[in-house]
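To keep things simple, chains are lettered A, B, C and D as they appear, and every chain counts its residues starting from 1.
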């Protein structure tokens, strides 16, 4: 028997394949395609205290081997999530990770507390994932995740307030992601997710306008995989806490690149759009690869990269 | 008649399409495929004071819609370039831009001076392009182009020493490329090139090794185009000096995205590998687009992006 | 019952120089699609193009394989290959499409025998009409409306606009399914020159005024009495409308029907990534909040849309 | 004379379950390729796969179109389409390839009628042998060596190794062109079980010792006298070698020939991006500095390589 279960902080995952926030809705959208019990963890769409409308359309544009999205963090708000979506998710024997964000430290803290309280009251949320790729309204709209100071403040504040495992999702739009991960670790993060989307733009040359109503969007999909793998590798060298790798994972082989580079788990995003069963197929593929390679425990694989 | 000539500092380009350094050899490699007279400018492979061996192989690996390279700046050295390659390039009525680098400020300055002297003596070099995506040996191997201070020092030093137009080629591996461009401008750059390759990695999952002997490599090709367009747009908003846009340009339409976003000229890199005539076809395509759109001067197009 | 399956391309032939018809076959039970629903189709076999693209179901056939003896070569081949699939019935689907960009270009290159991944049927189709109705098709919008016309044969007053005569694809089929067909083209190469929504407006105005004179070149494709039955005239102005076409057409139509107190359903388009309601890429603003075109749509009450 | 051109695929048929043969046609004058030279072939029509891939010329035919009356349908079609091309002659090229990853997978999907962009011939072919020679092919390395064997018919002692019998592709053709053929497979399914370089070593050792006994299963594919002419025995050990195969084979061969004072030419492989000498992706370390496999190679003096 091959062991592919992994631990992230206090979470036990049946397999290392999670869904990436914003690409799997609140779980139910894909429940017709995927047995949610077979996922390592379900990470839901990013939540904020109040519901959020997001950006005008077009919000999506395809680019070579990738896509830009500018959803603008549309979500139903934490209350609606807890009341309308969480009961469905509680049916499954799979950890639920609530991705959340705010536009000030205070909002982050309040969102985290609300999620922790809901979990304390009736369970169903097993960890928090902080999306820090949002601008800080109070500090001149500097993105939390690109400024080490701001990041330290917000992670420290949330860490203090939250009693669930805390995953910090790093922005790739930085000079030194290893350093940012270190800051997150020192501020109390239990794990880091690497990477969020890379900011990009597409231009409609006839109309002389950005294709996306929001001008720029986040690049995801196979195009960014080499960048994501490199960043995961850098982060794994920089921190001791577990790293969740993501960015362009379409197949089990892609996921294995991240695991070998040091990720303890992976998240599958854009791939779910092109293949709604991608998550479970990737988990199966990892198991198959291990059998082929004569490995019995996934921990033999994690971080096994022999680099020079 | 449609005007597609542009000015970059004191350089007059017949058309806005240049070759990207390192993808067009020293010009002669493609002279069988392209009439070099039809190029906006020829940017040669990065040069250093002494010849450089570069990295072991594999140096190249393909990724989705892109490629990683870890050539390691192999080059024949400035002297050999001047003696063996420049005479060939002098035959053409096309500006030659010498891309160069060093591993210390002193080396950068000496390389720039050597190139300027050669040009003063017998012409043939019309501008310098500084590749600052190299680590600074003297400052703990911090990459010049990712640290504003180091970058300011090296650009200022080269600016003082060099009497040819100076283009600074920015690294995309930074948090705020607009800010880096501003630093280059303030340090005396006449123009900036945006972007160099983005650092990435590919893993050979069976051998548990990076595919590239150098571990990481630079990602180029269509995969990075959305990131490059966004960075060019950010840089154009930040500086007044001309911007040369590059990164994943395969077709005239791609080039037009950069021009509309504000680039005064573009460079074509990886595309030459897949289509050795890409450069001239792109120049022709730009002219055709302008005719179709009823535009008579390319300056009507440059920076015409209507963003919100 | 699969909503995500790998089908076989059985045909992909040009209808004219703008349009192609893709036929696919799946040797298993699928969910019966309703007119107005759509499928997300794979358009290549690499990561470029990456995302699936949405296409309205143009036609479908499901047959119980156990009862039928006429199984084509392809079906037999697939049966032996995919032994573990439920073979209780086999299904064929057709899609009418126009080549626009790299996705549809990829689709156009598919050949019989190729495999194609398919998600669907997705979204909500057109609500059933109670009696007669008005259908407004702009260009390729006919792909979505034609199965609806055929399901409700001889009940539609079809208004069909396109850029040119050649772009009035499937005109005869549509005309045969409709009671009456009114045509416009942008270049006047067929029907009246102008916008189809202007003709709809005229039609509604005249019928409100009780006049049966519609100064429109009405294409009598079938041998039907073309002077409208007087008793029905006022009825016309209260018929429900069903529309599919480009956004500007739908927007104009929303203006036309505004305040008339008629029901008008429109099938909307938006860039889609997932097609299943997960990515929130395809939202449209409505008077009751944001809705996903792929999930709550693509058919909406046109009066609900906050244009 | 084009070194970069758009050709038409005229055939792409499987040779067996590992190998395919691609035939392309170009209705213009091209540079005549030498055995050992290669072409960069487009392997898809999108950005994935992105780069062209290098393939050795397996065979070519050039015919002056003005003289020839036998022009195929394809050639006529292309002629009318590409009117402005120089039609002084027409050319066909063939490539033998094995599917490995996404590039060769893309190539394998090409069908007659598809267009394909081609750069070549590139690099330097095998230097002409003065008399007899030894050819050492490992697996698909035969693709590069076979045209060389055929150009110099009946002059090669061919040593051909592969993993299994099925992977000894084009064995008959090769055997027919060679004087004598020695075979190994990794699994022993044909010829001797083992490495081809061990057999080459034995052959050279024996012939140095003046012995004609080569304890090798020699495939006498042609009706030739298989006991080697004694007067030639010492000659064998001084014959030049020509090799193409995987790096480990070439490395082992370099060991085998070391110190024997014979010429040995090897065709090397490296990952390539441009194929024209511009990217410096394909370098190999030699005793006289770094060389580009695509430009100074792919054929090198094996003693020059700094393994």
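Here, a residue touches a chain if its C-beta (ideal position, glycine included) is under 8 Å from a C-beta of that chain, and two chains touch if they have at least 3 such contacts.
Please read these numbers as outputs of a predicted model, since none were measured by experiment.
A.B. asks: Under the document's definition of touching, what chains do subunit B and subunit D have as common neighbours?
C.D. replies: Touches both subunit B and subunit D: A, C.
A.B. asks: Would you mind checking which chain's C-alpha centre is most distant from the centre of subunit B?
C.D. replies: Using the mean of the C-alpha atoms as each chain's centre, the farthest one from subunit B is C.
A.B. asks: Using mean C-alpha positions as chain centres, tell me how far subunit A is from subunit D in Å, no decimals.
C.D. replies: Distance between chain centres: 48 Å.
A.B. asks: Distance-wise, how many Å sit between the C-alpha centres of subunit A and subunit B, to the nearest whole number?
C.D. replies: Those two chain centres are 34 Å apart.
A.B. asks: Using mean CA coordinates as chain centres, what's the subunit A-subunit C distance in Å?
C.D. replies: A distance of 37 Å separates the two centres.
A.B. asks: Report the inter-centroid distance (CA atoms only) between subunit C and subunit D in whole Å.
C.D. replies: Inter-chain centre distance comes to 54 Å.
A.B. asks: Could you list which residues of subunit C touch at least two other chains?
C.D. replies: 47-49, 102
A.B. asks: Got the subunit B residues that touch at least 2 other chains?
C.D. replies: 64-66, 221-223
A.B. asks: So with touch defined the way it is at the top, what topology do the chains form here? Options are line, ring, star, complete, other.
C.D. replies: Shape of the chain contacts: complete, all pairs touching.
A.B. asks: Which positions of subunit D touch subunit A when the two form their complex?
C.D. replies: It is residues 46-48 of subunit D that touch subunit A.
A.B. asks: In the complex formed with subunit B, which residues of subunit A make contact?
C.D. replies: So the residues of subunit A in touch with subunit B come to 63-66, 68, 146, 173-176, 198-203, 205-210, 213-217, 219, 221-227, 229-230, 233, 248, 253, 256-257, 260-261, 289, 293, 304-308.
A.B. asks: Please give the residue numbers of subunit C that touch subunit A in the complex, ascending.
C.D. replies: Spelled out, the residues of subunit C in touch with subunit A are 3-4, 42, 47-52, 102-103, 117, 119, 270-284, 290, 295.
A.B. asks: Give the list of subunit D residues in touch with subunit C in this complex.
C.D. replies: It is residues 44-49, 102, 106, 109, 111 of subunit D that touch subunit C.
A.B. asks: Which positions of subunit A touch subunit D when the two form their complex?
C.D. replies: Touching subunit D from subunit A are residues 64-65, 222.
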